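Just below sit the structures, each encoded as structure tokens.
Here come two complexes built around chain A, the first alongside chain B, the second alongside chain C.
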Partner chain A sequence: MRIIKTVIQVTVLGAVFMILLTVSAGAGINGISGTTFNLTATTGHVSTPDGGSYLIWGYANGAGLAQYPGPTLVVNQGALVTVKLTNSLTVAGTGVAPNVSIVFPGHQAKVLPGNSGVPGVLTREAIPGGTVSYQFKATNPGTYTYYSGTDSALQLEMGLFGAIIVRPSSGSNFAYNHQDTRFEQEYLFLLSEMDPRVHQRVEQFGPESMAATDYLANFFPVLWFINGRAAPDTMSDAGVPWLPNQPYNSMPRMHPGEKLLMRIVGGGRDLHPFHHHGSHSRVIARDGRLLQSAPGRGPDLSHEVFTVQSQPGSTIDTIFEWTGKGLGWDIYGTPAEGPEFVHTCTTNDGDDFDDTTFEYCPDHYQPIPVQLPITQELTFGGFYSGSPFLGLLGSLPPGEGGLNPNGGYTYMWHSHTEKEMTNYDIFPGGMMTMLVIEAPGVPIP
Partner chain B sequence: MTTKLKYTIIAVFLGGFMSMLTVRSANAGISVQCPGDIDGDAKWDTMGEVQPSPNIKCLHLGAGDGFVTMADGLSQYIFGFSDLTGIPTNPVNPADPVTVMEEGMLAATFPAPLIVLDEGDEFYLTLTNVGMAIRPDLFDPHTVHYHGFPQAAPIFDGVPDASISINMGSSLTYYYKVNDPGTYMYHCHVEAAEHMQMGMLGNLYVRPVQNGTPYVYKSKTYDKFVYNDGDGSTGYDQEYPIQIGSFDSEFHNASASVQPLPFALMLDDYPMLNGRGYPDTINPDPLSAPAENGGKVSQPESSLITGAAGERILLRISSLDVTRFFTLASMGVSMTVVGMDAKLLRGPDGKNMYYKTNSVTLGGGESVDAIIDIPADAAPGTRYFLYTTNLNYLANGTEAYGGMMTEIVVSI
Partner chain C sequence: MKITTLLITLRTPVILLLVFFLGATSASALNLAAVEGEWTPPDSPTPIPMWGFIPDPGSCPMGPVVWDVGPLQVVAPGGNLTILLRNCLSEPVSLVIPGQNAVLNPVIMTDLQGRDRVTAFTHEAAAAGGTASYTWSNLKSGTFLYQSGSNPAKQIHMGLFGALTVGSYSQVIGDVLVLFSEIDPALHGTLSAATPLTYKPKYFLVNGKAYTAAQPVPVVFGGATDKKDLLLRFVNAGLMSHVPVLQGPHMKIIAEDGNPYPYAREQYSVLLAAGKTLDARWRPLETGTYALYDRSLSLSSNGAPGGGMLVYFRADIKPFPWMMFVPAITSGRIRLGL
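Showing the complex of A and B:
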């Protein structure tokens, strides 16, 4: 009898596992996948929402455009990954284009014999017009960074950096090989900053002219980015034509009760306190290593934060969850608000949450205990739906709202060094985006 | 029927009527929403007002401007919050003047009024925008953002982009059911880089329900704890909120003189703990009121830490710095970090991850709960120091021997 029971349990578990695997994930992270990547270091220009346009050096996918940041490389655990780098950098004036390279922190990268470039300080480099090939085995799943190991003070500032995601053998809905690292949504937050003086000088006079300045030593950024875009561009679609060198966006979305994996990469030189409004997240890994006391334990050394301390060159995987539990009022409203607010809350699985909508049933039909001021007394935000309830649109004065068509709950996710929420003297902007918690049933592509 | 009883009945009837009125007219100008409160002062003190339950808490804050004095004597113009609790906004006698705007004008304090809550509280915070007297050209709305409160709903999260903010001359009551103990903070989120640099920042913490239940830890009995630890290991004798912040004097001067604000060049030169630079941090009293705001006390919070030998001192350290990270170090005594970001520092299976350290590093929006054990043999009068090891910030503007530092003094 016991054996049969175990068999049934295993079968049920297996079925659940299969269902989990078929849930589409990874849509939130744009990148290129495979085992062989051809990257080209080349020039381009980034646009900032204050009207700025700055020269960058970026990694391109093959013959594509330079990207700020470089392409996100998505690989599977165990894969032997080859990255061939071509140096197509050009510089202004009579100067010589620099060598360029890639380092892969967290991986044991080697240079391929036969295409080993020339020696550099941190790694082997590609000379102008030349190539170099690196290879590493993606042994450990997790979030990593890659960047130029050549004249890094300048070349990182110019944009030669990117992210690597190694998917675990458990499947694409897991961050690591443990059940407690499962997620429904995942997003990359590659944080960087920019000192435009460097870019302007390199564009006009070439990189050798940096020697006449103290710009690198006295780095003073005035622009801040998530995935290469400054707010509000962070919230535009990925791949929009007006940002050809900044193809990635940052627009996290989820449903109540889901787990959202934040892959946070310190891509620049500064620390950033990345504050995610809404609720805590659980930091499960640093630099591609699960916070566990022994292999197989799962993230038993994880802890919860409301602000993620992102450090330069470091990565953090943290799982965000929002349920609305214990608010003391019903996020879907009460019948007193109108007939469209009639809804049920049913839980058969033992938790306090509705089995399909994930509503917190003890708060079911509890009204908001205070009255909101009238329209004339309020200033409205662009992401306000006009209603305090989830998934509903309320009336707003003409010209207000409009950025939240599904009536989701929106939360600012941003650097809490508030100065970094500006674009060169203009607020708001910079290292900022909005999370949208969509009502159950609203599709998230 | 005695006169007294009659009066009580009238008061109760009136109370019910007025509270109905309060709800009905809650959305007109300045009004406080606080259950059981009749005269709109966010207190239960007159006319038979009854606090419906010990877990109902009310507060009335004003949002406006004011002045503070740096430790080197420099006067700084600020935006900030003031405590307007106790001023009737709904006077029963119609002849009584509504004094909220008068009281709130130029009354901003730095840091903002301390908010202390208990786990399980239902917190009604009314925010009244009293306007900026020195900047009549501005008509900024304001909000309260409870930084770190879990399971927040946008309507009460205070992010103007995501929901609503309150205009001048009106009130908005925030409701939050406080389910989780820990060290949080609060600030205005409207034009955050500006309003926060200008000083709309405050301490906020929540005490756990375990308080009052005695636990023996290391052969001492405690009844106050940082979290519901189940074993008394976060027990303490005294607690002190310590908030890291700093001002860019040029930014404040530009704001006061209606000049363009230097966001890009923002560089803080007045590092502070709880709104003061050393040695003002160790002044146990409120700093004397500046003349510029009409003589209203604007820096009430001392950072002087005192405790007897053998006592455990809880530091609720938070940062709302707008421009950079700071490291705070304890000289002479070490700290045990038991919590971070309003969570007990334990793994999901309860594994203890407390650690001993002499320094903690916080960026804006981070918090740490650190317990200092005063040595049992410490002589009364012994001084230890809590100071930033970003040593160039041990200054008040151009004046040395100041800045982000305070003292831990062993009491008799």
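Showing the complex of A and C:
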């Protein structure tokens, strides 16, 4: 199979590129797993691509740095999960730090008798320097969230929120306990927004000074984030050293024909219509519950969308698939392009797709229906590989391209509230990232 | 704190029961008045001018009444509903119920350019004491919002709204209205200057009350719930979307805008857009206090943190079913009719 050889060549070349690039991919869902978690509410600063730096209050993993958002807690269905929260917040102004807490919507959390904190309006809280321990049973698989139940309008804006993933007993490549929720790739999209006035005021004058403003009621965000980063930082690797308080990235990658599970969490207080180019996706669950007509039926009430309506505090699971079906041209090119484009399309499982390359065989050797312009007539984006064909790199002028080292197809995924694709009024940025359809054989970690 | 709250909420069921028996035979004719009111915010002794619907006292009140959301209208499905409206305000008022059948007679004025402009969705009760009669036929079951159909951008925000529930759900231990609204005091001072263009609400209300951090959290339900569902009727009379989150077992959302879903939707949160109604069944599993709050974080009161749209349910799980006859305490508005 010629195409496989090409793909391998491209992959090797890609690996070289990866080392050189500042924008590169880290895949999957980063987080911490287990049954016991030690979270610490503490302060840090987020960086935004427009040069901004803002005080946050974040949950840290143990003695680690504050994270925006907090650590993604990955647990197994049926586990008895214990979360011990330590309040290490320090504040300006009066110097009296607030209480903090955690609520676990969709889970029936209790506090442990030996470490029950003090009463609050939504749950029991940790006083400054104190601790509180929560415990819940992860009865149902799915995507969930956690956040501060103390003065939530302020503390969520400051960054005290995160995601929880409960792996079903069926296995880690299932979203729920049903065959129709199986996936090959999964990514978290924890959406949030920020009103810098709040952060600047809290940094300079402390949280008590909020009462002298109307910022909490008259909220006006100008920064938008996926997993705590604003584009283009969304596409940098997870854990890069220059974003110490924003360890998670958002760089979805998949191969043709795979199922990609999108776990979408509304972390802020606004609605975010999350629009994914490339294909529709199928919404299978909301708030950690399958959209099903009766237990055991699977997602029989699922439906397709191209914009996921993310709501504050709620979660949505949706399965995205991409194939070349219906394009009307061969994504691997035709022999007219050159001898290296000779390839076959063989399906033994009767699904019309090549069993290895996932080419859509009815379009085999159909030419791309445009005359490709010569290089001198093009302007370039960082994601153009120089070739319209999957897994191939074409020649590019010096300094062009480079963000797509494996010759994948890239699709923008972003908030459809278009103003949320900015960083403090600078386009593009904000709640945006790119999906990369990688050629078969390109490793996705 | 808890005892005081319960004593206050106890008054409502007494009135409710009285109305229950008095109104048991009358289902279709109700009298309302649109009047000036005042709402005293939790952080200031200075009342905010409001407009509101009240049970018609027979003549216009001499001064502003204590504002509350309009009385909850409870009627049986299938029949007709007639509301006689007395308008004690300084401008014409009308009455519409989105989702229910009525013959609408829009009021049209001709502007300075000679264009026809609709100023009210249906016929109006004239200002300063005028009356008008409104009839809805073949009432549909569910939860609805009644509101002014005249200059609604201004009059609804001024407080001219209330909830209508038609019919009842079987096998529920309590029927709880959760009505969201907002107040921007800046639009209430001088009515002629009020414009929704600058709408920036400062107070966030559930059932006409705004919680503040200095006060006990309002309790919308307290009582026995063992082995039965509570029915939650979410209504948004505000101008903004809200996202109620119930901190407890998932709710089963069963109807939207008075339309039953073919299958219940199991969620702990719901998007409640402006003008929307949603009905949910919910069953607490353990004795305890369960918070319901707006996850779009309208959780401040005049800028001060820790207030706004937050209420409690207090569920009491009785170990023996024969203790179940203890009547549930449901806070809400005075009910008219059945």
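Note that in this section the second predicted complex is superposed on the first by the 412 of 445 C-alpha atoms of A that agree within 3 Å, B and C clash if a C-alpha of one lies under 4 Å from a C-alpha of the other, contacts with A are read in each partner's own complex, and residues count from 1 in each chain.
Keep this in mind: a contact is a pair of C-beta atoms (placed from the backbone, for glycine too) under 8 Å apart; a residue touches a chain by one contact, two chains touch by 3 or more.
Bear in mind the structure is a predicted one, so any value in this text is a computation, not a measurement.
Look at chain A after the overlay: chain B and chain C fit there side by side.
Of the two partner chains placed by superposition, only chain B is touched by A:D425; chain C is not.
By the touch criterion defined above, A:S314 reaches chain C but does not reach chain B.
When the two complexes are overlaid on their common chain A, residue A:P105 makes contact with chain C while staying clear of chain B.
Once chain A of one complex is fitted onto chain A of the other, the partner contacts of A:I331 are limited to chain B, with no touch recorded for chain C. By the touch criterion stated above, A:A217 is placed in contact with chain C alone, chain B being left untouched.
Of the two partner chains, chain B and chain C are each touched by A:L271.
The wider contact with chain A, measured as residues touched, comes from B rather than the other of chain B and chain C. Touch criterion met: A:S293 reaches chain B and chain C at once.
With both structures placed on the common chain, the touch criterion links A:L301 to chain B and to chain C. Contacts of A:F383 after superposition: chain B is touched, whereas chain C is not reached. For the three-chain overlay built from the shared chain A, the minimum Cα spacing from chain B to chain C equals 5 Å. In the superposition on chain A, the residues of chain A contacted by chain B and by chain C overlap at 271, 293, 301, 309. By the touch criterion stated above, chain B contacts chain A in their complex at residues 23, 26-29, 33, 35, 122, 124, 141, 147-148, 150-155, 157, 159-167, 169-177, 179, 189, 191-194, 196-197, 260-264, 266, 319, 321-325, 340-343, 345-349, 351, 353, 361-366. Residues 103, 105-106, 108, 121-123, 149, 151-154, 156-157, 207, 210-219, 266, 269-271, 286-287, 289, 291, 293, 301, 309, 311-314 of chain A are the ones that touch chain C when the two sit in their complex. The part of chain C that touches chain A in the complex is made up of residues 200-202, 204, 213, 217, 241, 243, 245, 247-250, 263, 265-269, 271, 285-286, 291, 293, 295-300, 302-306, 308, 310. Remark: chain A residues 180, 222, 271-273, 275, 277-280, 282, 293, 299-307, 309, 322-329, 331, 368-374, 376-384, 388, 409-412, 416-419, 421-422, 424-428, 434 touch chain B in the complex.
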